[in-house]
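Below you'll find the structures, each written out as structure tokens.
In the two assemblies presented below, subunit A is common to both, partnered first by subunit B and then by subunit C.
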Partner chain A sequence: MLKLSRSANLRLVQLPAARLSGNGAKLLTQRGFFTVTRLWQSNGKKPLSRVPVGGTPIKDNGKVREGSIEFSTGKAIALFLAVGGALSYFFNREKRRLETQKEAEANRGYGKPSLGGPFHLEDMYGNEFTEKNLLGKFSIIYFGFSNCPDICPDELDKLGLWLNTLSSKYGITLQPLFITCDPARDSPAVLKEYLSDFHPSILGLTGTFDEVKNACKKYRVYFSTPPNVKPGQDYLVDHSIFFYLMDPEGQFVDALGRNYDEKTGVDKIVEHVKSYVPAEQRAKQKEAWYSFLFK
Partner chain B sequence: TETDKKQEQENHAECEDKPKPCCVCKPEKEERDTCILFNGQDSEKCKEFIEKYKECMKGYGFEVPSAN
Partner chain C sequence: MGLFSFDGGKKESQPPNTRSQRKLCWESRDAFFQCLDKADILDAMDPKNSKSIKSHCKVENEKFEENCAHSWIKYFKEKRVIDFKREQTIKRIEQEAKQRERNQ
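Then we have the complex of A and B:
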């Protein structure tokens, strides 16, 4: 660069000098050279800095050509557009994919609401039942009570309809669980008798006051059953208004409230069962290295 | 099944005559339970809904015990 500019400067100076003839020619040439050299030395940086990379360095008038796009600039724009377009397409697509995945994770209990966890109960046949019994199959849990004056059979009837449609139409078998919130009155025998009026696969669970209280807390069911009730004492018991759908890992998936009727409830459950990805598969498609970009 | 139907009708009639605790204040209960589902029973956010449901039930002569 330095060499190029210097020789250009020299040529510029020599051109007018060569046209001259006679005595003064030599002197003028020397003076001219001297002047230009001095000028070039005093503000030598200017012509250098104005030469664009790959561009035409200097024209006859000594100025840098301006105003038109250089060839290299055109290439740079094309490259910029191609790379930028490809990256933006790729990241947009990945963002969408990761968002869907994250949503599924969030509903699986890593986000809100976080429910479930260890509990210890007894089923209506006298067998131990813990959170480990949820593993390996989808479960649907309902919290209620059997006490006669306040039977709300609508919900359990609805559950029976869901279970029938799910198995006959979609081949999906759930493990339906009925956890009592009223252990003082709902012994295994009472539960067995009460549930015989509903779908035969519903398994009744009960336990001590503290065990039931713990289970209700874990599933965020309002628990207000009074402890140490006297025999014959009347009291109100709360029941959940939700059916809790749990996946085969025992993780909470969804809570289905009153707004799900016999049809929409089935649709929702089918949707969840079909979109379920087993843990090993989820681990494989774990976070991509660039996922930090979307956080 | 006929006797079942009769019983059901009787139950319904009874429900209308003298409301059962489970048949009243359903919107209030739903609001309360949804709040508890997302925040937990001990959350400050849900106190308002818990009280609303209690008051509503009192209007029908039912006493909802406090949570324990």
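Then we have the complex of A and C:
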């Protein structure tokens, strides 16, 4: 006999025997006619069809699931950020490089170069210097004169800083050139002495008045000596203030004005040096299937 | 003629433009211009200001003229006026911009 204690929590469930046949009926007979199921007060109202028969309640595995989800989400987010960041950096860098190449290409011009070209001058050691001496390396050219009150010395000091940073930090060597707009007074010896106060690698260039005039014209440099100057009289020369950056093929790629400072000038030059592509390769790029990227 | 040989010699033996010489010139220019600021003089080339310059900045002016080439002196004096006017223009534009912002 079953002892019926705690009657509020226990009920007798009778299964109709008529519905069971075959093995079912036999099984039921072996286990007994009645099945006792424990129901808690909170489940009292549940429909019978939802009440499990036999067995034990399923334990809550929420914690395990939570942990699993949390771990997975964090890892996925980290992976997403890493891949996304890498892709973003790569595309931005390539985009900037392409933009610099386009800029340089536009400055080189098509057919006739927009700036630069043949010139014939004399350097401060008395040697001949022409546009052919620009080949094989990047050059940076400044037009000034030794009797310049303040702008030329400031710009040449800035150039010195650029050259030092480019060399020490980036391993980049340029050929810095100073072309005088005042050939009457700036002889090779005068230039040599004047430029010794700045960076030692700066090479001074001078020549006859016509040779200098031609060079200035090629680089579209404005210069003007005051009229009616008497021999020995002191005078200043007006001139444009730019650094002209030339590529290893002697072609103009950029002009850096006074707005470029010690840092931004270096960044600009590095950009051009790193994105430089030889003419032969540029021609191939224009014919390749992906040439639209360079147009 | 012998009396003028010193001046001639001075001009002929004028040393080349070096960093130290430029520094000397720039420093004497700065000293002279600071004196002009104190005396409330802008244009050092204006004949009206010559008396005032003599009474306030005689020493600085003489130093300036001694250490700088003639064309540089002229250039710096002109530049002083141009720089001042440019600063005034920038200030006026900034004030107008602020006024416009305030009105909106």
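The rule is short, and it goes like this: the second predicted complex is superposed on the first by the 165 of 295 C-alpha atoms of A that agree within 3 Å, B and C clash if a C-alpha of one lies under 4 Å from a C-alpha of the other, contacts with A are read in each partner's own complex, and residues count from 1 in each chain.
Following the convention adopted for this analysis, contacts are C-beta pairs under 8 Å (C-beta built on N, C-alpha and C of every residue); 3 or more make two chains touch, one makes a residue touch a chain.
Predicted model only: the values in this text are computed from it and were never measured.
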### Task
May I ask you to decide whether A:232 touches subunit B, subunit C, both, or neither, giving the answer as first, second, both or neither?
second
### Task
On the superposed three-chain arrangement, identify whether subunit B or subunit C touches more subunit A residues.
B
### Task
Have a look at where A:136 lands relative to subunit B and subunit C in the superposition and call it first, second, both or neither.
neither
### Message
So in the superposed three-chain picture, is A:193 touching just subunit B, just subunit C, both, or none of them (first/second/both/neither)?
### Response
second
### Query
Is A:217 contacted by the first partner subunit B, the second partner subunit C, both or neither?
first
### Task
Have a look at where A:278 lands relative to subunit B and subunit C in the superposition and call it first, second, both or neither.
neither
### Task
Across the two complexes, find the residues of subunit A that touch subunit B and also touch subunit C.
149-150, 235-236
### Residues of subunit A defined as touching subunit C within the complex
146-147, 149-150, 153, 190, 193-194, 197, 232, 234-236
#### Entry: Touching residues (chain side subunit A, partner subunit B) in the complex
112-113, 115, 149-152, 213, 217, 220-227, 235-236, 238-242, 255, 257-258
### Summary
Contacts from subunit C onto subunit A in the complex sit at residues 11, 16-19, 22, 26, 69-72, 75-76
### Query
Hey, which residues of subunit B end up touching subunit A in the complex?
20-23, 26, 29-30, 32-34, 36-41, 50, 57, 62-68
